[in-house]
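Next come the structures, one after another.
Shared chain: chain A. Partners: chain B in the first complex, chain C in the second.
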Partner chain A sequence: MVFLDLALNALASGIALGCIYALVALGLAITFGLLHIPNVAHPALVIAGAYAVVLANMRGIDPILAALVLTLPFYAVGLAFYEFYARAFERRGRGNTLQSLTLFFGVSLIVEIALVVAFGTDLRSVSVPYVGRSFELGLIVLPYRFLVPALLAPAVILGLWLYMTRTHSGLAMRAVAHDERALSISGHDPVAIKRHAFGLATALAVLAGAALVIVGPVDPFAGRVHLGRVFAVVVLAGLGSIPGTLAAAIIIGVAEAFVTAFLSPSWAPGVAFAILLGTLALRPNGIFGTAR
Partner chain B sequence: MSISRRELGKLAGGISIAMAAPAIWTSARAQNQPIKIGCTVSQTGALAGTKNSQIGYELWRDNLNAAGGLLGRKVELVIYDDQSSPAQVPGIYSKLIDVDKVDFLFTPYGANLTATMMPLAKQRDKVAIGILTLASNDKVKYDKFFQAAPWGPNGAEDWARGFFDLAQTQGVKKIAIAAADTEFSKTAAAGGKRVCEQAGIEVVSYDIYPPTLNDFSAILRNLRAKAPEAIFLCSYPPDSTAMVRGLTEIGLPASVRLFGGGMVGPQYASLMQTLGKNLNGIINFHLYVPEPTLKFPGIEGFLAEYEKAAKAANVDPLGFYIPPFCYAAGQIISEAVKATGSIDQKKVADWLHANPVETIVGKIRFNELGDWTERRVLMAQFQGVDDSGLDQFRKAGKQVILDPPAFKSGELVPFAKARS
Partner chain C sequence: MSWRNFLLVALLVAAAGMVLPRVLENPYYFFAGYVVLQYVVIATGWNILGGYAGYTNFGTSAFFGAGVYTAAFLIKAFEAPLLVQVLAAAGIGMLLGLVTGYLTLRIQGVYFAIATVALVVVLETVVHNSDYLGGASGLTTIAPPAPAWFAGPTQYVFCVMLVLALVAVGIARAIEHSWVGRSLRAIRASEPAAEACGVPTLRMKLAACAISGGVIAMAGAPYPYYASHVDPLSAFSLTIGLNALAMPLIGGTRSWIGPVLGAVLLASVQQITTVTISSEFNILAVGLMLIAFVVLAPEGILGLVAELRERVGRRRATT
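What follows is the complex of A and B.
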C-alpha cells in the first residue's frame, strides 16, 4: 500500500511538475528552438514576470488573471528587445552564438539587478485561497498550488499549437526557422516575423512566472535554478516542437518525482540531463525533432 | 674645503630632522585619520538576502562617531559587494588590507565566503570578526579571529543541539533527519545524528536533498511512512516554505511531537508573513527573538533604529537574525580598542581573549579559537501566530524560547496541539 501510495503520488506530482517545467520552457522553445537565439535570459524574464504578478496580486488580482493581462506589456517588451537585438547584432552580422550568449547573459544579470534594486532580495509570494489545500482522489493527494498552474500549461500549449498550425502568422513563424530566404521570397519580412515570435516568447514568460510564484516564493535569482532544466526540455523535445516540449517536460518531471520517491532526492536534479544524454545518443534531433 | 666640528653637528642635526620629518608628519597625520574597518557584504547574488548586515555596521559606526569616535578618531567603514561569490573574496580583502589600509576586518557573511579570506587575514595579522560564520577558525586556528554569532564551542556539530536536548527531555525515541545538500545543513544533520546515537534515539531516516529540488511531497510521504516522533529539518528558505506548506497539504503522522530545528527562512520577515499561522508548533533555531529573557541593554533601541533604516533600504523589516550581530561585531572592536587605548592588533586580540565584551546581544566571552564560550543558539517555538502580519512578531510570546534553559521564556506545546 505504501508503495502504491508513493508511486501514484509520484506520478501525479511528476505530471504536474512537468507541466510547470513546460510552461517555463515554452518561451525558450520559440526563441531557441525556432529562432535559434540562445536566450539564456528567458528564466530571468520568467522571474520578472513573477514579480509583475506579485505586484498585481498585492492589489488583490488573481495571479493567473494578472498574468493574462500582463502578456500584452511583456509582448511589447519582447518586440522592443528583438528590434534592438536585430539592429545591434543580426543586421551587422554579429549574431553568432557566442556573441548572442554574451548579450543574453548580460541581459539576465541586468534583469536580476533591476529586480534587486526595485524589490529588494526578500522572497516574494502571492496570496491565493487554494495554497495550503490539496486535491484528493483515492490515494492521490496533490496540492492545489501545483495543480492549478499545471492545468495552465496544456491550455497554453494547445492554444499556441493551434496558432502555429492553423494561422498564417503562426505558419510563417515556423517557416522562418526552416528557410528565412524562401520566406522573404514569398513576400514576408523575416525580421518582422522573428520580432513577433520573440514578443510571443516574452509574453509567455509572464505566464510561466505566474505558475512559479503560485508554486512557491521567488527571489530575483530564482531563474538560475531553471536555466539548465529548460534547455534540457527544449533540446529533448526536438528544437521548436511545441507539443514535444510538454511531453519532454512531463517525462523529466515524472522521472524526477520517481527518483525522489524511490531512490534519493540527491539524484533528482541530474535526471533531466541523464535523460537528455540518453535520448540524444539514440535520437540526435530529440524525441519529436526532425532532421533539418 | 674644511668643516668645523660645530658646522658638522649642525649639518647632521639638519639631515636628521629632514629624514625624520616625513615620519613625524605621517604619524601626526595618522592620528587625525579615521580608523578603518573593512569587509564585504553580499549586496547581489544568492546571499543578497543578507545585505541588511550593512545596516547593523552603519548604525554602529554612526552611534560611535556621534559619541566622539574611537581614540578621538572617526570610524570609517570600507564595504564592497562580494556578489555572494567566494572567488571574489580574497581579491577584495587584499585590496582592503593593502590599498585601503583598513585597521580591522569583519568577515563576509557565512562560512563559505569566510573560508576564502581567513588565510589572508592570518597572513596579514589583522583582527577579524566573524559574521555568522560557522567553524571558520576550526582548521585555521587564528588567534586574532573572534566570532560575533553565538554558535558556541564546537559549533559545527553542536549549533542545533538544543533541538536534540528538547527531544531527549520529551522522551523521543525515533527521529527523522532531512537536510539540504549544503555545508551548513549537512554539518548540523551529521552532528544531530551523532547526538541521537549517543542518546539512544533511533534515526529512522536520514535524507540529504539538493537545494534546487522543487517538490518535497515525496520526502514528506516517506517520512509519514516511518512514523517518527520528531523531525529535524535543515533547510533553506525556498525548501523551508515548501515543507511548511506541505505540513498542511500532505500532513504529518500523528506521532510527530517536534518539527523543525535547522530551518533557514522562518527567521526572515518575508517568510514569516507569507507562512503566518502555518508556522505554529514549529520549533526552530534563531539568534534573537523579542522575548523578556533576552532584553539586553541597547537591543530595543537598535531594533527601533534598524526598522527606520530597513524601510528606506527595502530590506527585512524585522532584522532579528543578522543585523544585531553585525552591530555587536562593531562593539567587539570598539570595546577592545577603548580598553587597550590602541589599535595594535596583538593588544586588541589579547584583551578580547582575556575579557568579556558587553554588546547589544549580551555579554560575550571568547575561547582560544575566538568562539563564544557558551552556545546560545535559541530553539524557539512559534505559538499563537495568526495571519495578521508582521507586527505580532515584534511582541513577546510568538516565538517562545525553549532552549537554552537559561533563556527559556515559556513551555513547549506539542506539535499537533500548537497547530490546532
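What follows is the complex of A and C.
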C-alpha cells in the first residue's frame, strides 16, 4: 500500500514537474528546434521573466495575469535581440556553433548580473492565495503551487500548436525551418518571420518564469539549473516538435520524480542527462523527431 | 617560431618560474597566477578538440572535475605523490575523452556541445552520491610540506602548474605542426571531404577527444593541494566550461598561441576585477568581452593581427 501510494504520488508530481519543464523548454523548442539558434540565454530570460512577474505581484497583480500582459514587452525585447543577433551573424553568412554559443552565453551572463545588481542575490517569491493548500484525489496529494503552473503548460502548448498548424504565420514559421529560399521566392521575408518567431519564444519565457516563481522562490542564477535540462527536453523531443516537447518533458519529470521517491533526491539531477546521453547515442533525432 | 626557439623560450619561462618564489615575497601573486596558468592548460587542451577539429566541448568541467577527483582519490587512498596524481588524472581524462568520443560519434555541432554538458551533470551526480569522495560537502586535502626551495605550498603548486602549462602548449604545438593537426583541420573544414581524401576521421576524432580530455584533466590534478578542499560544486563549475570556450575564442582558435593569449588575458582580467571591484563585475566583464569579441573580432586576437598585417601589406603594395 505504501508502495502504491509512493508510486502514484511520484507519477502525479512527475507529470506536474514535466509540464513545468515543458513550459521552460518551449521557447527553446522554437529558437533551437525551428530556427537552429542555440539560445543558451533562454533560461536566464525565463528568470528575468520571473523577476518581472515578482515586481508586478508586489503591486498585488496575480502572477499568471501579470505574465500574460508582460508577454508583450518581452516579445518586443525578443525582436530587438534577434535583430542584434542577425546583424552580428547572419549577414556575414552563418555564424558557427562556437561563436553563437559564446554570444548567447555572454548575453545570459549579462542578464544574470543585471538581475543581481537590480534585485540582489536574495530569493524572491510571489504570494498567491492558493499557496499552502493541496489538491487531494484518493491517494494523490498535489500542492496547488505545483498544480496551477502545471495546468498552464498544456494550455499554452495547445495554443501554440494550433497557432503553428492552423494560421498562416505559424505555417510560415515552420516553413522557415525547412527552406528559407523557397519561402522568400513565395513572397515572404524569412528574416521577418524568424524575428517574429524569436519574439514569440522570448514572450514564452515570461510565462515560464511565472510558472517557476509560483512553484518556488528564484534567485538570479536559478536559470543555470534548467539550462541542461531544457536542452535535454528539446533534443529528446526531436527538433521542432511542439507536442513532443510536452511528452519529452513529462518523461524526464516522471523519471526524476521516481528516482527522488525510490532512490534519493541527490540522484535526480543526473536522470535527465543520462536519458539525454542515451538518446544522443542511440537515436540522435529524438524520440518524436523525423530524420534530419 | 622554429622548434629550437620554442624549446628555448619554454626553458627560459620554466627557469624564470623556478626562480620567482625566491624573488617574490607575497604568496598572493602565486595564488592568482596559479589560476591564470590553470586556464592556460585548460584552454590549450580545449583547443585541440574545439579549435583544431571544430568540435565545441561545452563540458570542460567534466574533464577538469575528473582530474580533481582522481587526484583527491589518490591522496585519500594512497597519499600518492603529485606526479602520480597528475599522470593518473591525465590517464583518466584520456579514458573519459575516449568514452565521450564513442558516445558522440554520430553527432556534430550543437548536439556534441549538449552531450558534453550532459556528461558534466552525470559525473557531478555520481561524485555527489559517492560517500568515499566526500559527497556534496567535499573532501579536505592538505598538501604535504613543499620542497624547501619553493618557500610555500602555493608557490610549489604554481611552479608545478607552470610546467604543466608548458607541457600542454608543447603538445598542442606538436599536434598543430604534424599530420595529426592537418587531418583535424580537414575535419573542421568538412568531414565528408576529409573522409573522401583518406583521412581516418573517426580515429582522428577519438584521438583528439582523448588528448584534449587528458590535458584538461591534468589541469585539475594539482587543484586539491592548491585549494586544500575539493567539492563537486567548484570542481564541476559551469564557469570552467565557459572560460574554456571563451579564452580560445578571444585569443584565436587556429594556432596554439591563441588560447594562451586568451587565457592570460581573460583570467588576468577576472583576477583583477575580482580583487578590485567585485566577483559579480568579474562575470559581467566576461560577458561583455565575449559579446564584443564574437561580434567585432570573431577570429580572436590572432584574426585581428592577421587582418592588420594584411592591411599593412596591401598599403605597401599600393605605394
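Operating definition for what follows: the second predicted complex is superposed on the first by the 288 of 292 C-alpha atoms of A that agree within 3 Å, B and C clash if a C-alpha of one lies under 4 Å from a C-alpha of the other, contacts with A are read in each partner's own complex, and residues count from 1 in each chain.
The rule is short, and it goes like this: a contact is a pair of C-beta atoms (placed from the backbone, for glycine too) under 8 Å apart; a residue touches a chain by one contact, two chains touch by 3 or more.
These figures come from a predicted structure and were not determined experimentally.
**Student:** Should the superposition on chain A be reported as showing a clash between chain B and chain C, or a fit?
**Tutor:** clash
**Student:** Name the contact category of A:Gly216: first (chain B only), second (chain C only), both, or neither.
**Tutor:** First partner only.
**Student:** Just checking: does A:Pro265 make contact with chain B only, chain C only, both, or neither of them? Give me first, second, both or neither.
**Tutor:** Touch partner of A:Pro265: chain B, not chain C.
**Student:** Once the structures are superposed on A, label A:Phe105 by its partner contacts, choosing first (chain B), second (chain C), both or neither.
**Tutor:** second
**Student:** Now for A:His178: first (chain B), second (chain C), both, or neither, which partner does it touch?
**Tutor:** neither
**Student:** Taking the superposition on A as described, I'd like to know which of chain B and chain C A:Ala10 touches: first, second, both or neither.
**Tutor:** Only chain B is touched by A:Ala10; chain C is not.
**Student:** So in the superposed three-chain picture, is A:Thr97 touching just chain B, just chain C, both, or none of them (first/second/both/neither)?
**Tutor:** A:Thr97 sits against chain C, while chain B stays out of touch.
**Student:** Contacts for A:Leu276 in the overlay, against chain B (first) and chain C (second): which applies, first, second, both or neither?
**Tutor:** second
**Student:** According to the stated criteria, A:Val116 is in contact with first (chain B), second (chain C), both, or neither; which is it?
**Tutor:** Both chain B and chain C are touched by A:Val116.
**Student:** Just one of 116-124, 170-178, 260-268 or 278-286 in chain C runs into chain B once the structures are overlaid; which is it?
**Tutor:** Answer for the clashing stretch of chain C: 278-286.
**Student:** Output the chain A positions appearing in both contact lists, the one against chain B and the one against chain C.
**Tutor:** 112-113, 116, 264, 266, 269
**Student:** What residues of chain A sit close enough to touch chain B in their complex?
**Tutor:** For chain A paired with chain B, touching residues are 2, 5-6, 9-10, 13, 17, 20, 112-113, 116, 119-125, 131-134, 141, 143, 145-146, 215-217, 219-222, 225, 256-257, 260-261, 264-266, 268-269.
**Student:** Per the contact definition, I'd like the list of chain C residues that touch chain A in the complex.
**Tutor:** Result: residues 50, 54, 56, 58, 103-104, 106-107, 109-111, 113-115, 117-122, 124-126, 128-129, 135-136, 238, 242, 245-246, 249, 253, 280-281, 283-284, 286-291, 293-295, 298 of chain C touch chain A.
**Student:** Quick one: which bits of chain B touch chain A in the complex? Just the residue numbers, please.
**Tutor:** 44-46, 48-49, 51, 181, 207-210, 212-215, 217-219, 221-222, 225, 237-238, 241-242, 245-246, 248-250, 265, 268-271, 274, 278, 313-316
**Student:** So in the complex, the part of chain A that touches chain C is made up of which residues?
**Tutor:** 32, 36, 38, 88, 95-103, 105-110, 112-113, 116-117, 224, 227-228, 231-232, 235, 264, 266-267, 269-270, 272-274, 276-277, 280-281, 284
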